[in-house]
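Take a look at the structure set out below.
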């Protein structure tokens, strides 16, 4: 159990980074996980093809919210091309825990919303 | 094998009784077995609530055609009320062989057509 | 760990220990703990009797049904139709012709909505459902209302999670053509008064469609006493296999309905210029059916009948009541829906502001399987302004000892997430 | 009685004796004779590997899929989705998202007709099918043409039982919106040139719907090479269980289609005012799926892949060719359809004026299971002005020795009915 809810996941869940909203975001995208109703909104500021600002909002379980918080810490400074290449493994490595196929959707929802917002990619990252 | 195609079934199949058509029948009814395409037409003359004349036509296997032929031999003289009461067992006894549920439809088609023609009963006899 | 410690009021029953012998899946460990399966509302486990019936069928009897006259095909047809007979008897259907095999409750309800709905609904007509429906009894009606121009209305629920009968009285009117409702809510546990609701529908000339997905596995069902026009349920929730469900319907209504799916078996005659339909129930069973699954359902019905539905509902009621009392004592835990006297064997709850996914994950780490989410009933959750709940549900193989394990595990979840 | 006596041209294969060990149902007597099962076109038998995969699932893993986050539900979801992956690989689908689980070929074709058809057909449009279709690829189009006002046209067949390509050239025109045809006829045995037919459909802007019920079990299938827009097939004809079938579709087309059945799992969001749909393939899988059956199909696909579809079709071809030669020698026996080079492993025939039911019944008395009737393809029979045929069909577990038994039994039927 303590394996699954590692301290760093609980920490991001309790103290989410970049939670809130941007003024005048360049990109704003929202989606839900149809299997459970978790919701994530991501807002971005983009300059010269690079992410220069980020905020997220949402509701859901520790995994989806911690995943969103961790992701926002990583992506500032990335180019949009780099965002396109982020995949499933990137997220599970961030979280650092083994994760089954249903729960995986919770973990991937923030990345899905991010890629849909930036690139219009509506599919679950693979 | 010889049990199933008893001589009397083959005899009715080879030499069907009352095969053909009536002039001016009082009742004329036709139906098919949806499971195999066998067809039976039955024509009747009725007087004072009694069957006084019968003919059948049709195409199908030995069982459906022998069943029709045997049935026509039995029903002349019966009242319409008696027709209503004829059931599955009546037919299987006429044929005198054990018969599975799919093949049973072949055997029952003539009685089904008869009861539909006389009484509007569209269901398989039970 | 698992034993039957209840004082049961009913006589003549198998002990639960004996029942457990029939469910091999329950004898395993999950994350180092004995499995406690509290998710039968989503799908029940299957006794070996059901598995053996299907396996035996495939090993000795299988062939396509209805059209073959060789020995295996005759035997397969007999076994398939015999399963239909058992199911008909189980719900006291007047005739086997009124028992249509589908994939699940969802397909059964879609069949009614598409076939009956397309033939009978028009702009100005109203379809009435309730706020406590499963998506399977909402979305088909949304779709058919869009196609036909009929209007969809919802009976609201009270804060206690019961139907609002005052509102129902007003919503049910001469424009209502169909009233579709669940016999038991899969979230609130609420048992609705089916016979009364059917009578109210009939009083305004509407037909009554009953979603029996949760009631048929747990409560004795008599379609004639209920006077339901349609009843839909799923095998996989009542000890039977996946892939098979049932639609019961009144004969005159079924006969008047146009077919739904077209293909083999449902026709009487196919000409290039058009087709004529087969008799009931085949008119609504297009293509090769789920033969083995129907046979498995027949075996499940036998198993349930042997236990007796009265015993089953009483047994579940006792476990659920015990669980209700124990869970009430956990601080911050709130159970949705009515008190024990008006509900079936399930409890959905929220635990403080811990997300139900996290509750379920922590429980799973302790071997306890519960469901978390919206349980395919978003409107109920919207009603309570929550996005998800955790649900524990009970069936014949559960015990009060397992409830105690649940309580311990919930307290553990609280301690992990307390902050 | 059963042994493999063929000179096979292909290398590296299991002997048929080994294959037979995997099919317990075939080791029985019928009416005192060893069973000879020649009815796989109607439904195939299942190897123990398939039965064990399903049994193992129910005894260790079962729970409802997709929505549960406890261990069993995660494991059941993994197993179910893994079956989808195997099926996708088997037909070389570009993505698992394009593999939709249905009950059978019939439901798959209805899904296309209802969902794609309602959105894309209008009066003036034409739907083109062929005279050699199974009812499952006729009736759905009759129904949807009635609903939408489109016109249904049929490609005629030649006396040899092939499509009339001249007529096809004229019937396929800019009004044609969909061309739906079987890859292999279940009566004539004719193997149609699928890739060419698809290309012809595309040339006039029509989509191509392929009924693969008879081809996928017997011939190697590559949906990308065929460029088919849709492909439908059934598990129970390809060593898998009943109750599960497949619809493959091109992604852009599936994405643009409205949903078919509404309910759980196929939604993204349900509000009382309306709903939004889930992603592929779930948009088209409403309600609890046939989980165990999908897993059984996955095991069947593994079994077929291990044998190799090239070996399978070559093996069947040799038995069928032998049977074709032997049956031709029976006086009064007439085989429908093309010669061995253009057909799959089945032979439909008439024997003098003995009704096919009677032929089949006499064969059954000698332990031989064949099918008799219109095989759910009345238009073909109308075309030949016959009401029924007898059909013997072959699969991986049949042998040429069985063909010899068939010939003997047919001669016996002649002697009983000679008059």
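Going in written order, the chains are labelled A, B, C and D, and every chain counts its residues from 1.
Everything that follows uses one rule, which is that contacts are C-beta pairs under 8 Å (C-beta built on N, C-alpha and C of every residue); 3 or more make two chains touch, one makes a residue touch a chain.
For clarity, every value in this text was computed on a predicted model and none was experimentally measured.
Relative to the C-alpha centre of chain C, the farthest chain centre belongs to B. Remark: chain A and chain D have CA centroids separated by 44 Å (rounded to whole angstrom). Mean C-alpha positions place chain B and chain D at a centre distance of 36 Å.
Chain A and chain B have Cα centroids separated by 73 Å.
Counting partner chains per residue, chain D shows two or more touched chains at residues 31, 67-69, 71, 73, 267, 269, 357, 361, 372-373, 378.
Residues of chain A found to touch two or more other chains are 35-36, 103.
Contact between chains, per the stated criterion, is found for A-C, A-D, B-C, B-D, C-D. Chain A meets chain D in the complex at residues 32, 34-36, 100-103, 122-124. Contact residues on chain D toward chain A in their complex (touch as defined above): 66-69, 71, 73-75, 77-78, 81, 97, 267-269, 278-279, 282. Within the complex formed with chain D, the residues of chain C that make contact are 24-25, 28, 30-31, 35, 37, 39, 42-43, 45-46, 51, 54-55, 58-64, 67-73, 103-107, 109-110, 113, 131, 134-136, 138-140, 142-143, 154, 234, 236, 241-245, 259, 261-267, 269-272, 274-275, 286-293, 357, 360-361, 363-364, 368-373, 375-376, 378-379, 382.
Chain D contributes residues 31, 355-358, 361-362, 365-366, 372-374, 378, 381, 387-388, 412, 416-417, 419 to its touches with chain B in the complex.
On the side of chain B, the complex with chain D involves touching residues 1, 4-5, 10, 14, 35-39, 59-64, 103, 106.
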